[in-house]
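Before anything else, here is the set of structures, which you'll find just below.
Shared between the two complexes below is chain A, which has chain B as its partner in the first and chain C in the second.
Let's look at the complex of A and B:
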């Protein structure tokens, strides 16, 4: 009886087995890349707003502190988005005819809220709290990036679970003294620029972080990475 | 699960006519922790006139809190020294008076509290951004600013009489300006 399959079929079957393994690997790799990419997380995508509010101008240029506008960030889970009145504190006198600010004046007159597009948002099934991070020595810039250089707001980080856990597993890599939380230009201590805290000199982040971790009584890694810390 | 049917702060609502999920309390009701009793702490008035005492002791912590809050909320216009040359003024806002003015040096503490709570002329009020305790702390710190720029040499602690200019310090003597003759 003649062979049903030609000899080349052997090669084809071997190659196709190998290829299917590669295809599955490529699929998972691609899926993972998409999952982590800005396409899913919107990381780094600047939001267009009805009023082109610029943190670069107000924070970097004018030196206004975050808390002037985000008043509840130290005491509450919610950082707070300023009401129209806060803008009018200054804009009642400054740039009063600017076309760009027309929606702000309109909102102030009519009492209707301004609507902002959110740049940083985590799903509703995750619990997040600003106040504990601020009070345990995590700076705004560690999570939100160089806000003072953002003409329009974008999310610096993915805000995915992996990213949260990266820090919760080793907070000492990120902690800074409480007095530096709102400083957008803070740099971790280095050999050339040591940092003095409580009379002790620190020349690298590792030793500073370990010191602050004890000082601020940061909870154990077990506590911080337990699922019910963030999913409650 | 990503978007749950619950209200988070400032989330939009399609139930209420004005679209706001965060409601303002109805007239005549008091939210928890928002009770504004008619006491000195909340009014700054004694028998209808601004008082000149603190409703709580001005400890070192209170003054430091005052400095921090002043630098956040007031310094953009009044500058960190209180001379009225803040950044926003340099960009065109009306220039506020210096806290060193004799009238303001004599003003009672309650006056500063009142300016923050109700505004003054073109200055907006800060009642929504600064809570009453912090407003008092700021008022106390304004007194510190007024004192610091008029302190007699005898009030300096021993050993600090004449700060020797170190490389970090700006020389305290201004470049000499010839006196103007009438």
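Let's look at the complex of A and C:
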């Protein structure tokens, strides 16, 4: 009886065994990469806004404090998006005819809010409170990145759960003194540049973080990683 | 005669029918089985069956689609009964699968060569039954498209499944079971695929069977490796017969719900699984051997043996019921006592008494030879047994949940039309898979049937000489 397939099929079938192993490995690797990529998390993707507001210009260039616009960040779960009036505090005087600012003036005249695209979006099933983080020594830049260097706002971090837990499991790696919270150029203490808190000198983040954890009464890791701390 | 061939030994003595009618040769066995797939006209019954099964599968598709759209609220489940028909059907289907593995693995290791004519389709039955079973927990998840969360994989949530939960053990038990059953079944098919490849007239069919035959040429080396692999897989599958339904029973026993929290569950579940599985084997075997004229190969001896296993396991299950009731009284636990009272007198009492009547009483008709040797009666008994085993799972799941510790949260569960549509749909889908299988693959193992012939003995004279 004639053979159904050519004898090269023997080689092809052997190779295909190896290839299928590779294909499965590649599939899982790709899935792994995609779930952490900007495609999924929007990390690092600058959002297009109705008015191209530049944090780089206002924070880095002019030195405006975060809280000038995000007024409720220290007392509320929500940091606050400024009303158009806040913009007009300055822009009633400067750049009054700038084309770029036309939507701002229009919003001010009509009373209709500007619509901003959120860069950092946390899902609705996560309970998140800005004030507790600010008050326990987490700097703005720890989560939002170097906002003073962002011409258009983008998310510095993925905001995926593994990223949240990264800090909730070891907060001492990130805590800073309350006085430094809003400092965009803050650097953790080092041997050359030690930091003084309450008369004590700290030359590394580990010892500073451990000290601040006690000082600010940061809850235990068990409490902070309990499911219902964030998923209430 | 000092050396008796197993077939003769099994046929002799007690006037029992043989496992293979005499008069067959290597060639006629191959002709008869491969003709069903390749040359014989497909019987009308097959088309009718596919028509009905196809329609029921469409019902399943419709019910599942609406479930995806609307959510599990379309089922009758709510507090306090959150499991309902989905879990009843899951346990029922996965139990049915167990007979196939028992026949193919345990009976192989025990050298029960009568299994050779029923193991192929019993294994197929296992695979299709596990497929139906697997559907239910997935659909019951609520968001079935996130089913992969059940597996431990490096995810962005840094969360693992709860390894202390038997529901996670279930995932591993069932997926292992399915994988091993599929591989075992396929390895067994390889020599037969080669036979079909060599006999197929249609070019497309020849190509497909050739791919499936993996280049089988039937050399001594091939056979040696095949036998080794088959035996190893049988060894792997054997513990699964006991372990899978044990893990399924852990879904219940690990919880402290009255009526579930019992050490008798694992053996009682395994016996119940084999009991219902053999009932399904008979339900499939009796009409198939009639329609395809296979009475020579699936003989009364097979039906008799299956019925005896059913009787034995059925009595173990009956013992389980008696012990549950006894322990509720002897243990003196208020909630256990109430559970039994609720089973006997509560809103679901009719179901309880029906299953007791069948599994403790009615099953004893299998003691009589007349029932075991009358295929129609045996088919009817098997059907009744399958219904009773479904009722058993319903009583276990629903009655315990309906009235547990807190009277203020007692409740009633009534399956909705969507519950029923999904269940009936899986029966249709199971039948559809099975009908397609018997159309395109040899439902009896050609290679293994030949080992039942006297001429396959090492010292036997060549067929041409005899």
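What we mean here is this: the second predicted complex is superposed on the first by the 210 of 232 C-alpha atoms of A that agree within 3 Å, B and C clash if a C-alpha of one lies under 4 Å from a C-alpha of the other, contacts with A are read in each partner's own complex, and residues count from 1 in each chain.
Criterion: a residue touches a chain if its C-beta (ideal position, glycine included) is under 8 Å from a C-beta of that chain, and two chains touch if they have at least 3 such contacts.
On a predicted model such as this, the values are computed, not experimentally measured, just so you know.
When the two complexes are superposed, the chain touching more residues of chain A, out of chain B and chain C, is B. In the superposed pair of complexes, A:27 makes contact with neither chain B nor chain C. Touch criterion met: A:88 reaches chain B, while chain C stays clear of it. In the superposed model, A:124 makes contact with chain B only, not with chain C.
By the document's definition of touching, neither partner reaches A:39: not chain B, not chain C.
Counting contacts as defined above, no chain A residue meets chain B in one complex and chain C in the other. Listed in rising order, the residues of chain C touching chain A in the complex are 154-159, 197-198, 206-207, 210, 214-215. On the side of chain A, the complex with chain B involves touching residues 62-65, 67-68, 71, 78, 80-81, 83, 85-86, 88-90, 92-94, 112-113, 115, 123-125. Contacts from chain A toward chain C in the complex involve residues 1, 4-5, 9-10, 13, 32, 35-36, 41, 158, 160-162, 165. Residue ranges on chain B touching chain A, taken from their complex, read 1-4, 6, 8-10, 12, 18-20, 71-73, 76, 87-88, 91-94, 122, 124, 128-129.
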